[in-house]
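My structure is below; once you've seen it, I'll send some questions.
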Amino acid sequence: MPLQMQADELLGFLEEVFPQVAGDFAIDRLEDMKIDLRLKVAERHLRPGSTVSGPSMFALADCAVYMIVLAMIGRQALAVTTNCSIDFMRKPEADRDLIASCRLLKLGRVLAVGDVLIRSEGAATPVARASLTYSIPPRA
Amino acid sequence: MPLQMQADELLGFLEEVFPQVAGDFAIDRLEDMKIDLRLKVAERHLRPGSTVSGPSMFALADCAVYMIVLAMIGRQALAVTTNCSIDFMRKPEADRDLIASCRLLKLGRVLAVGDVLIRSEGAATPVARASLTYSIPPRA
Amino acid sequence: MPLQMQADELLGFLEEVFPQVAGDFAIDRLEDMKIDLRLKVAERHLRPGSTVSGPSMFALADCAVYMIVLAMIGRQALAVTTNCSIDFMRKPEADRDLIASCRLLKLGRVLAVGDVLIRSEGAATPVARASLTYSIPPRA
Amino acid sequence: MPLQMQADELLGFLEEVFPQVAGDFAIDRLEDMKIDLRLKVAERHLRPGSTVSGPSMFALADCAVYMIVLAMIGRQALAVTTNCSIDFMRKPEADRDLIASCRLLKLGRVLAVGDVLIRSEGAATPVARASLTYSIPPRA
């Protein structure tokens, strides 16, 4: 199945529907059922102790699955997260971007499931792991 | 077991350790093993379609469990989230605060588990459900 | 919304579709959106150290949500579990039945979400907590 | 870090501590932080509609993480599951074994986190995905 949207188009769409956060993200890699999404870590993502906040990592994982679903099925801005399970395993480094490596494990008619490993850029071990389910609205 | 910290003290501590977000929250109720935490919904928590963002709801659930753990064991700023599972069930209303009703189901020596129901203020049905595990550091 | 199936009918249906496990369970209470389901703990549910096995507790939580969904929507044997998150918090006692207290938090057109607290009979503190999502097939 | 236990030793230990289920499993591959565990699917694992039951898949995922933790740290029979999140994505085939591919993402002093993909033997797409946390008891 070919990608329905390319990286530039995805980021443009994100800018349109989620203008508050679109600038936080960059696409490092995009291919069939897979995306690497970067969180450009800035002051507002940090917590005391110089680490990236949990909600920022949640947002990164959530956005990665959203974007690969979108890339596969096209502009369905109404796809919504129904479930997320996330494990925080190590403390991210505050002065490095985070990279979410996401693969879509299922892309069904009504549900999509993706999993995500988040790493500090350049690090081998993951700081967090997440899996998310998206509900896909019926096509008009 | 008596509360180790009262509402005012908790909010003061939050202001100290998480100054970026402390102003977002208010404590509606605090008792043994239970807290009702309010997200004072503002423009920055919203998504297009006039709904509260997923990361904002995650942050509310996370903060509710953090604060009741803190209230029970005292100033252990290093308690960290290790796992969260969250179900998004309905669309919150954009013009109402969200209330997280949290109860601590386990408060062990190294792990605490809490669950959370999130509702739009005044609504009967929950918009989200979450359960979180916190790891409690050994006391110095 | 009135119950579509009563306790006797539910157990009869379980016997029909899941004959291997139907005998493990009894319904202690059934009402609108709520069920208390009992696991009649037997040798086959135990683990060394005289505790009930994790898979037995998973099966109990899963079955509780399945049965309350069924009670609410009627004979839809094809409703399937899509997600479960479960926290094991304490060791159950081997010589007591387990009671799962389940409430349905959402009963939508395509998804149902329930949460479950599992206790050893007569105990106040829960041994496990679970939340499950069921996918509901379109009606023929 | 070298493996503390090899496949034969692991299965022998499982036979000792979980005699009821040890015969259900075989180790297809075992290496540093990774295991492929096979569920030898039999009548007792099936559900009507000729599919493998959810509790059987849960047990497979749980056992895979347990065994790789054991292989890494040695005989700590008391390591216990504290959390599992599992997504059921497709219907397994009833007449094929299931293979759980498990990697340990974190092996800390008190917590270990593993994730698991379950496939019907010979199939490319996974039927389920799980992540589990184990609590590791202090060494005597």
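In order of appearance the chains are A, B, C and D, and numbering begins at 1 in each one.
We take it that a residue touches a chain if its C-beta (ideal position, glycine included) is under 8 Å from a C-beta of that chain, and two chains touch if they have at least 3 such contacts.
Not measured: the values here are computed from a predicted model.
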Chain whose average C-alpha position is farthest from chain B's own: D
Rounded Å distance, chain B centre to chain C centre (Cα mean): 28
Chain A and chain C: spacing of chain centres that average the CA atoms, whole Å: 33
Distance between the centres, which are taken as Cα means, of chain D and chain C, whole angstrom: 23
Contacts with two or more other chains, residues of chain A listed in rising order: 82-83, 85, 87, 89, 133
Arrangement of touching chains [line / ring / star / complete / other]: complete
Contact footprint of chain B on chain D as seen in their complex: 82-83, 85, 110-111, 133, 135
Contacting residues of chain C [partner chain D, same complex]: 17-18, 20, 44, 47-48, 54-56, 58-59, 62, 80-89
Complex interface listing, chain A residues touching chain D: 85, 87, 89-90, 105-106, 108, 113, 115, 117, 125-126, 129, 131, 133
